[in-house]
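Take a look at these structures.
In the two complexes below, chain A is the common chain; its partner is chain B in one and chain C in the other.
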Partner chain A sequence: MNIDALSASIVDGLMIGFIYGLAAMGLTLIFGVMRVVNLAHGPVIAVGMFAVLLLAQNLGLNPYLGLVIVMLLGLATGIGMYFIAVHRVIDAPELTTLLATFSVNLMIIGIGTVLFSTSPRALDVSLGSVRTGAVTILGTKLVADLIAVIATVGLYYFLYRTRAGKSVRAVANNRAAAELMGINSTWILALSFGIGIALAMGSGSLLATLFSFTILSGTVYEVKSFVIVVLGGLGNPVGALLGGIVIGLLEGLATISPLPVGWVPVIEFGVFVIILLVRPTGLFGAR
Partner chain B sequence: MRLLPSRLLLLGISLATLFGAIACAQPSAQPAPTPTVAPKVATSKADTPAARTPAASAPTARKIVIGFTASNTGAQNLPSKKQTEGLQLWLDTVTKAGGIKLKDGTALMPEMKSYDDESKTDRVQALYTKLINEDKVDFLISPYSSGLARAAAVVSEQNGKIMITTGAADDSTMEQGFKNIYQLYAPGSRYLVGAIDLLKDLDPSARKIALIYEKEPFSTSVVQAAQPYARSKGYDVVLFEGYDPGTTDFAPFINKINATAPDAIMGGGHFPDGTTLAKQLYEKKVSVRLVALLVAPPEPTFSEIGDAAEYIVGPSQWEPGVTYSPDAAKAANLPWYGISVKDFVSGYQARFNSTPSYHSAGGYAAGLILQKAIEDSDSTEPAKVKATLDRLNLMTFYGNVQFSIEAKTHGKQVAHDMVYIQWQKDSANKLGTKIVWPPAAKSAGAQLRK
Partner chain C sequence: MIALDVQRIESGYGEVQILWGLSLALEEGRLTTIVGANGSGKTTLLRTIMGLIPAWKGSVSFEGRDVTHLSTHKKAQMGLVLVPEARQLFTDMTVLENLEMGATPARARSEYRQTLEWVFDLLPRLKERMNQRAGTLSGGEQQMVAIARGLMSKPKALMFDELSLGLSPVMVMSLFEVIVKLKQQRLTMLLVEQNVQMALAVSDYAYVLSNGRVELEGEAKKVREMEAVRKAYLGL
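Moving on, here comes the complex of A and B:
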């Protein structure tokens, strides 16, 4: 293995890993707080892609400014989605919530296909690049990584330093006890779901600044997010970021290995199964 | 019943993966029939002798229906749109001229019947069955792309319906011994041959080629043929590897290419991935001397990637600058048929306000070849039209056309030649395409990447 290719792959893997991590953060938050596997996660990421595209095309908004609006829209959408699809089945067996979010998934894909078709779209964003030896760092990826780190720090601060965040953690730990302490668990669950959707849509917006996309593109990131969530520890936002970095690195290194590129997903899912068997709480989760 | 979190996650990922597979493959709700523009005329399904008896010999107009699917949505959307536009222009031209004339004075007025295949194979199969069995079309044109055309060809052959394939260059489809399928494009096995010759001519010191391809029938057949050809010319094929259709992040793949330090990169797939790959090769400042990609470069919209398009070479079935003409046909001892290159280009620009690509020319030529076959057969009877297509050997604005009559490769294109374009900047720093290969057709010299 050539050292130039190795260093370039490590840097590329790291850079895409941060964005994978952000994409998985919403999924892990929702799962951690309410034990709901959000199967609408992928389509929501795609909605974030299209939202930032529409804001840029119709209102001429800078995609990074559009990202803030998309995340606010995501928060509102997520709260709405919680009350419409999840709230009434939150105490039902897990399979029911799984099917409820799967229904939302189908609806988003159906409506999105009608509105946007499945033709590839792209946002034209260029922030230049920096080259050092064999390593080229794109400005767009660097900015996306910075935003991913800021979002992680922000989420961490929210959960550990604010009253609402502490309420989220309390509900996640023991909903009945939290309610006895006067916490309105319904609103806290809705808020958590909203934040999870906002993070997913935000990651979609960032991915749209890097790659072309269709309404079906979110599925790829949804599947990666599941692997990352398991790797990083269920319900652990920082673990999700670290898990994303691990998967990004794994992809980068596996691609330059002598193995054909088609083996990369096999390796990823192999890791997923091993982690589930050996350490189900994830590499960065509590034992 | 309570599930353990890990089991729930496993169930979740299984459903997500399953859904992903379904989403990529499922046919959508309703096909959208495309209205045709031909004038309303009397309908006749078959050109039976009874229909042409003296009693009915007064000049009449009859309609013939040509069916096809177009990828109005999905990955093949752009080239498919161009192909359909070319076909539409042919239809306009024939309609304006009063239809396809038979010797008894009957004017056949072509109409089109089309549906959106969403760039999906299973949808193509269902829709071509519908076109044949429910819409009762007379002739078929293929959808765009080899994968979709292959699916349509199987249905068409099973139903004994003549189909002209355009936008489909895959060799293997035309090596099944089909009897009713006729390929207009030069086969995929010839796509990169000229690019390798060009590299040899341009930079004799080049030794290493990386062949990369989208894992689908057309691109695979192109590189499978290019690999032995490159070796026969003394090149070392340092990388021969495919990427999944729908790939958008080529960064790891580019690192793998860089590790082999090739002099040239050749391959690709279709428009979306080709465009993305060219852009990311530029962004990552990959230093190779020649990049030749399939399908995307000849499309005028390829220039939307800006400076990343410069120096990219692409094989093309046709370009507005080609020199096919009645004189060229005479020199080649071939009959000439149809519109001139100049009239096609100006007609297309006037009708669609854009420059025609080779996909557009292929669409027009599909209609034109069918028209010629019907005229020469003086009939729409499938057996007569098929016999005429088997004999056809002519030159049009699109170039030479002749089909194989060997049993195994029946219908495969044997006469059409490729040209190679390169995106270059002019003195005003504006990007444009030049024909750079073969030497007899070139409008400018090829340039190595800097």
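Moving on, here comes the complex of A and C:
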């Protein structure tokens, strides 16, 4: 194995890891606040991909400007989704909320397939590349990583430094007590769901600047997100970013190992099972 | 003036009825206490008043307004605040963040600084602990945070559920001193206590609950003298 290939795949893995982390962040936020596993996560990522594509194709919007609009749309969509699909079953057992979000998954995939078919699409965006030695870094990846970091810091700032964010943590911690203190917990849950969906759709938009995609592409990232969320500790946004980086690295290394590419998910889920067995609070879980 | 008026309230859990047409009133600026054996419906009453469980029948009025079916957070925003049993702190958040969450109602937010100073003055231990995670505090300190968090909301009526449960006698004494101080400041309060002796000693008015009904009521001093109460609750 030569050192050039190794460093190239490490850098590559690391860089995609940030975006995996961002994709998982919405899932972990929603679970952390309301103990709902959002099975519509993957399709929502795909909606983010198509939203940025449509904005670029029809309105000629720059994808990064489009991203901002997509995230705002995501916030509104998420709040709507919460009231339509989640709120009525929020106090029901987990299976019920799983089914509720899974039905949203099926609806998005169904409608998306009718509208867009399942043939691959791609966004036409290029920001050149940076080259150092054997390592070539795409400008789009660099910008995507930067945005992922900004989103993580932004979410952290929101949760720990703003009143609304602290209310989100209070509701996550003890919903009845939050109500007793005058916090409108229904609104806080809807807001959290909205932010989770905004993050998922935003990560979809960023992924669309890097790879071609179909309406079914979200599923891959949903599955990765589950592994990352468990790795990073359920409900921990910073843990999600770190977990994403770990999975990205693992994938990068797998590409230069003698193993066929088909083994990558096996390795990922191997990690998933081992973490659940050995350290169910996640590698970066606080408690 | 009556601050809180509960009329013939009925409620319970699932099929099980706990409260059977219970009525009580809190007078403004006075300390009222509810005593009664375990299972007499004290906690259920407070949960029904706050809307954490629905009232089946009867009504709850606060400051002249019918609030029976108002959501919990709206009641809290109006100034009807409960310091719940077992404290129910935001254990993953710091003491200061807990207090900040207490100051959620708009009128509490605008006076946040002054109220915080007043609360730290009343419970100085919390100032030392303010950046510590609430879940790491001792039971007594956690109860102080629960009281302080309630006070931060600038309540017009403050209700305590089992203030002294599971705490050391020294800690119970100092918490009761806080209650007495608040009473001197004419805060309307409702104290639900299993420590009947102390509750009756500091209160103005008392209700004795039994099987979800008011068994007797009266000035706390008089209730304390009653033969039935002495036998049943004071072990005399």
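As a working rule, the second predicted complex is superposed on the first by the 287 of 287 C-alpha atoms of A that agree within 3 Å, B and C clash if a C-alpha of one lies under 4 Å from a C-alpha of the other, contacts with A are read in each partner's own complex, and residues count from 1 in each chain.
As a working rule, a residue touches a chain if its C-beta (ideal position, glycine included) is under 8 Å from a C-beta of that chain, and two chains touch if they have at least 3 such contacts.
These numbers were taken from a predicted model, which means no experiment stands behind them.
Visitor: Judging by the criteria at the top, classify the pair chain B and chain C on chain A as clash or fit.
Guide: Result for chain B and chain C: fit.
Visitor: With both complexes superposed on chain A, which partner does A:169 reach: first (chain B), second (chain C), both or neither?
Guide: second
Visitor: Given the overlay on chain A, how many degrees, to the nearest 10, lie between chain B and chain C at the CA centre of chain A?
Guide: 150
Visitor: In the overlaid three-chain picture, which partner chain does A:226 touch, first (chain B) or second (chain C), both, or neither?
Guide: A:226: touches chain B, not chain C.
Visitor: Considering only touches as defined above, state whether A:182 meets chain B (first), chain C (second), both or neither.
Guide: Second partner only, chain C.
Visitor: Once the structures are superposed on A, label A:146 by its partner contacts, choosing first (chain B), second (chain C), both or neither.
Guide: In the superposition, A:146 contacts neither chain B nor chain C.
Visitor: Under the stated touch criterion, name the partner, chain B or chain C, that contacts more residues in chain A.
Guide: B
Visitor: In the overlaid three-chain picture, which partner chain does A:39 touch, first (chain B) or second (chain C), both, or neither?
Guide: After superposing on A, A:39 lies in contact with chain B but is clear of chain C.
Visitor: Which value in Å is the smallest Cα separation between chain B and chain C when the structures are fitted on chain A?
Guide: Across the overlay, chain B reaches chain C at a minimum of 17 Å between C-alpha atoms.
Visitor: Following superposition on chain A, which residues of chain A contact chain B and also contact chain C?
Guide: none
Visitor: Can you check the complex and tell me which residues of chain A touch chain C?
Guide: Residue positions touching the partner: 163, 166-167, 169-170, 172-174, 176-185.
Visitor: Per the contact definition, I'd like the list of chain A residues that touch chain B in the complex.
Guide: Going through chain A, the ones touching chain B are 1-2, 4-5, 8-9, 12-13, 16, 31, 35, 37, 39, 41-42, 93-95, 98, 102, 105, 109, 113, 117-120, 129, 131, 134, 136, 138, 210-214, 216-217, 219-220, 222-223, 226-227, 229-230, 234, 251-252, 254-256, 260-262, 264, 272, 276, 280.
Visitor: Okay, in this complex, where on chain B does chain A touch?
Guide: So the residues of chain B in touch with chain A come to 1-6, 8-13, 15-17, 19-20, 23-24, 28, 72-75, 77-78, 118-119, 215, 241-244, 246, 248-249, 251-253, 255-256, 258-259, 272, 275-276, 283-285.
Visitor: So in the complex, the part of chain C that touches chain A is made up of which residues?
Guide: Residue positions touching the partner: 50, 52, 71-74, 76-77, 81-82, 84, 88-93, 97, 100-102, 104-105, 149, 153.
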